[in-house]
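Think of it as A, B, C and D in the order they're written, each chain with its own count starting at 1.
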Amino acid sequence: MESIAQQVIFYLLAIVIVICSVLTVTTRRILRAATYLLFVLFATAGIYFMLDYTFLGAVQLAVYAGGILVLFVFSILLTSHPGERTPQASIVKRILGLILAIAGTAICTYALITYPFETIPLTGGELDVKAIGHALIGMEKFQYLLPFEAISVLLLACIIGGIMIARKR
Amino acid sequence: METPMIYYIIISTIMFFAGVYGFITRKNMLMMLISIELMLNAVDINFAVFNRYLYPDAMEGMIFTLFAIGIAAAETAIAIAIIINIFRHIRNIDAENLDDMKY
Amino acid sequence: MNFLSLFVLIPLLMMVGLAIARSMKQIRTVAVVGSTLQLGLAIYTLIKFLMERAAGNTEEMLFQASTMWYEPLNIHYAVGVDGISVTMLLLSAIIVFAGVFASWKIEPLSKEFFLWLILLSIGVFGFFISIDLFTMFMFYEVALIPMYLLIGIWGSGKKNYSAMKLTLMLMGGSALLMLGIIGIYYHSSADGNYTMNLLEIARNNAIPENWQYFLFPLTFVGFGVLGAMFPFHTWSPDGHASAPTAVSMLHAGVLMKLGGYGCFRVAIYLMPFAANELSWIFLILTGISVVYGAFSACVQTDLKYINAYSSVSHCGLVLFAILMLNNTAMTGAVMQMLSHGLMTALFFALIGMIYGRTHTRDIREMGGLMKIMPFLSVCYVIAGLASLGLPGLSGFVAEMTIFVGSFQHSDMFHRVFTIIACCSIVITAVYILRVVGKLLYGKVQNEHHRELTDATWWERLSAVTLIIGVAGLGLFPGWISQLISNSLNVIIERLS
Amino acid sequence: MEYTVIILLLPMAMFLLLGLLDSKLSPRMAGILGTLGMIVCTAVAYTTAYQYFTQPRIDGEFPPVTAINIEWLRFTDFLHIDLGIYLDPISVMMLVVITTVSLMVHIYSLGYMHGEIGFQRYYAFLSLFSMSMLGLVVATNIFQMYIFWELVGVSSYLLIGFYYTKPEAVSASKKAFIVTRFADLGFLIGILILSFYTKTFDFATLTAAPGTIITETAGASFLGCSVAAWALALIFMGGAGKSAMFPLHIWLPDAMEGPTPVSALIHAATMVVAGVYLVARLFPLFCVTPEVLDFITVVGAVTALYAAIVACVQSDIKRVLAFSTISQIAFMMVALGVARDTDLHAGLGYMASMFHLFTHAMFKALLFLGAGAIIHAVHSNEMTAMGGLRKYMPITHITFLIACLAIAGIPPFSGFFSKDEILTAVMNKSLFWGIWMTVVAGLTAFYMFRLYYRIFWWNKPDYSHHTPHEAPLTMTIPLIILAAITCVAGFIPFGEFVSVNGQPYHIHLDPTVATTSIIIALIGISLATWLFLKENKKPGAMADSMRTLYTAAYHRFYIDEIYQFVTHKIIFALICRPIAWFDRHIIDGTMNMLANVTQGVSARIKGLQSGYIQSYAWIFLAGALVIAIITMCCF
């Protein structure tokens, strides 16, 4: 019963992701594209939840949906007029892109399907946030203090950089 | 039964190549950025899925995804700052117009 | 420390001195003192060398020293000299000395000019003292690169084009050379202890014959480009025509000799088998060079072009003689290097001085200069006579040694080519006398030229230094020929 | 006899001294210094000659002496250039000739060149020339000879071009040098071939065993002649160039652009006989290849006739003398060509040639110096500006007449004896050439007296603006001395000193030949007297009757034009220019094309680096996919 529900939810998410990703890149109104992206991000968060990575899902929602997308929307509003349609690339370019995308999808899918992944049955359920916390600030093997700090420095740099770039002269 | 892993991966593949398509065909830099986000997202899903299905006891994939999200946020912030700055200068954010330093 | 390293150290110190020099006077002082020291050092080396030899030291290279500077490829800073390098060092020192005086009034950026010129001389001196292939190659490059700037900035005429052409063609040559050197390195020893040291490679004698077939042309052509071998000589007319006086002097006088020196020090010395087998191909090319350059020079109207083509002819003779692979001809080749170096430097110096006054190098626009600037004209006549092989001046000695040596070759083919090369002495006379007749004799073509002055003291010094060299070599060739010939014995032994 | 080295070193020192100091010395000082140097040289040369010829004969010969020999440059174990002094009868004879004429010219020039710009330079060059010429004749080996051979060429070049502001002088000097250089090329190649087979440069060794070259080159032949013959023919080519043999004679008439004393010294008495001297020096070698000697005979005979004909119609007095010189040297060549070294009788030509060389040097120098005095007086070279000068210039007139009689072959002047020996030698060998040469001798008498009458008799032109006057003492004294020598030189028992094998040879006159030659000379002289004694229309009429021949001869049978055509139209236009063009356009073009192609290709592929990240991404991904497909297909 539960698994059927899961299946249904999965397919729903899958449909949302597929359709919205395609719409994101095909729509000519940039604000809509941002909106579709939002849906994709939400659905992705859903996928994380389904994989029992609830913390990850939460981060996804908070950072992406909450942070990045807002940035996008602001910048879109700053740089374009409402209702404006972005210019289309040339037809050749689009066809080439399409061919590449479809071929890529096909090849990757083929490769993935034919590859014998040895999946291990899911166990354990939800991942403990405490474990994640330990992993992030531990210094043992399989613990990530250094990358964590590096990222934090990076973020700091980005903040400074962002201010420097964006401030008015 | 659970959903087979391959389903997730196919979804992420489609998402990735949708991003590729967008990145190649759109002129607007913001749209390119959005496409990049799509691709990143697809990759993130893959990390998580592989972690979950192939090495359920470890959590490298997830941690990596976590970092990726963080970096994506930083990258986007900077990128948007640059884009807006460009917009201020040339009132336009089409990638093709940025050729002052070409050759 | 080995005193040979001073040849590199003195110019380095000069560069430091130049860098801190403030006024023109200081720059000149540094340049003159440095080049004089250098000349003194070269003479000292020569004397010391002769004394060592007289004392019975029969080592192939004297005053050797070696320091590792790149272990993975076994590259050493290895120095040593034999009779040939000693004479070459002396030649370079004389020409640098004369060149400094010839560029007494260089404008603009005189400091930078001297800096580059001295860097060039580092390359030249370093090349002649090195016995490590890679170090040699490095110095070779050090000598080439400054040419680009020296011509490009201080040149005249189509200087950008010429500088580019010269640098690119010579770089093309060095690319072949690099390949050759790497090839030699990886066959330098049979047991895997690869070495860059010339003497060791020669001692190991491990380059397989099929590889020699491949590496000999690479190295020979690589050096041949610098030695203006037909058909890779076209950088020479343009390059020389655009270069400033001192650079032309140094380039034609010394740098082109690097080609000839390298040809036998690397190509022939290390790969005697291929040298014997393949020499005929290059003999044809160089034989063509000799006659072809001379014929081309006959119809040129630009003084520097005439001299550049005559250099093609004379340097062709150097390579030609080297390829005869016998002691006399090769001695002649080295003497021709010396002789051509001195007299062509003299030519370029004089042309530069004349050009500096008349602002034209077209012989049709000048005439009767003998009346106006007798000193320069007389020097020019002397240079011309040296070039066409007047006995008592250096050209005769060198050419005759080459011809006699080449004609002693047992092969008919070589002798026939010698006769063809001999014809160049007539053609040389034609173009030299044509220039002398038009430029110096006859009526004054341009009335404005009447107000021009004769040489200044520094120009006189520069010219006289070179003339002394030319006449000295021409009048007393015996000892220097002996010195060279003894050093060549080693190479000749390997060839047979 | 080591002191003979002074003969070389002194002029050398003078050259350096005068050349380096140049205008720092006063002209007078320079002239006196140079002359003094030459006087000492002459004295030493005479002493040498005296000492050499008074030494006891060994086996009837005067033994050659190598007074000094220093190795200068070593080529191989057996080939080396030595510088030294080799004394044998002919070189000692040459020393005397050269120093005498040179001294005369030195003295004469004091007057002739007085006040010229570059007087010091002139003396420096004269010293250089004397040094080189003396070095040439005393050479111990063929390479030393070549060295000094080149040096005399250069001094000749410098002296012809002494008036360097005159375009004619410049081009004449250039021509002289290049033509002789071309001949020297033959000489050089000849030396190379010779030394390759005989392994020596040394005259003594070469001539001691002249057969070596034949044995060494056995079987080697080229175009049907043996290599030995080729080598010697090439060496003769060098001699022919210096001695102005047809067809390499073209430089000599033009060389008259130089100062007249120079013409007397270099282009009449000394340098131009170097070729004869060379053949004489290597005579034993030439004897082993008689075909070369026959060739020399033919060349000499043709040249003699050619030059004599041309000399008959020239109007420039120096040109007449120049062609007369060519003709006379050709006499010497013919004499050498008909000589053989089998016995004294067969070798008469050798002696005759040397004898004629000796006498000719004296009277031809006299003629030139006389001509110089005349030119000095009337300021022109052209006959039209002269006439009736006998009253104005008595000394010149008498000496000139003596020289003319000598060259025409009238006894008892020296030319008669030497020329007579030559004719006898030629007659002995071949009647045809004998008659040929006798005719030339007649022509000689004719043109010389044409010259004489035109200068000293004929009709006086208008001298009103400038009356000719006798030359100063410095010029007339040499004339008198040379005239005196010319008068008595014929009685020197020359055969006692110089003969083909060193044995003394008693000169005796062949009555038939002597009579014939005197008669034919007298015919020539009378013809000239009839035509040119007084101004008349006969010469013009004769010229008109043979218009074609006259014009052709006046233009020297267009040999110069042919040369001009060959050098300019063929060598310059068809070889040099195409080569220069080829170099600039094909060779250099190829290099430039390589550069342009590189540039073009990079300009094209520059488009790939569009800077559009989208294209990059597309290419990158497409490439990745292709690689993926390939990988999948393969594995």
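Simple rule for what comes next: a contact is a pair of C-beta atoms (placed from the backbone, for glycine too) under 8 Å apart; a residue touches a chain by one contact, two chains touch by 3 or more.
All values reported here derive from a predicted model rather than from experimental measurement.
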| item | value |
| --- | --- |
| Contact-richer chain pair [A-B vs B-D] | A-B |
| Geometric centre distance via CA averages, chain B-chain A, whole Å | 7 |
| CA centroid of chain B to CA centroid of chain D, Å | 96 |
| Mean-CA-position distance for chain C and chain B (Å) | 63 |
| Length of the line joining the C-alpha centres of chain C and chain D, rounded to whole Å | 37 |
| Where chain A touches two or more other chains, by residue | 93, 96-97, 100, 104 |
| Per-residue multi-chain contacts in chain C, two or more chains | none |
| Shared interface positions of chain B, touching two or more other chains | 20, 24-25 |
| All chain pairs that touch each other | A-B, A-D, B-D, C-D |
| Complex interface listing, chain D residues touching chain C | 71-76, 79, 81, 143, 146-148, 150-151, 154, 157, 161, 164-165, 167, 170-171, 173-174, 177-178, 181-182, 184-185, 188-189, 192-193, 195-196, 572, 575-577, 579-580, 583, 587-588, 590-591, 595 |
| Chain B residues touching chain A - in the complex, by the definition given at the top | 1-11, 13-22, 24-28, 30-31, 33-35, 37-38, 41, 44-45, 48-49, 52-60, 62-63, 65-67, 69-78, 80-85, 87, 93-94 |
| Residues on chain B engaged by chain D in the complex (per definition of touch) | 20, 23-25, 32, 95-96, 99, 102-103 |
| Parts of chain D lying in touch with chain B, wherever the complex brings them together | 606, 609-614, 617-618, 621 |
| Residue ranges of chain A in contact with chain D within the complex | 93, 96-97, 100, 103-104, 107, 110-111 |
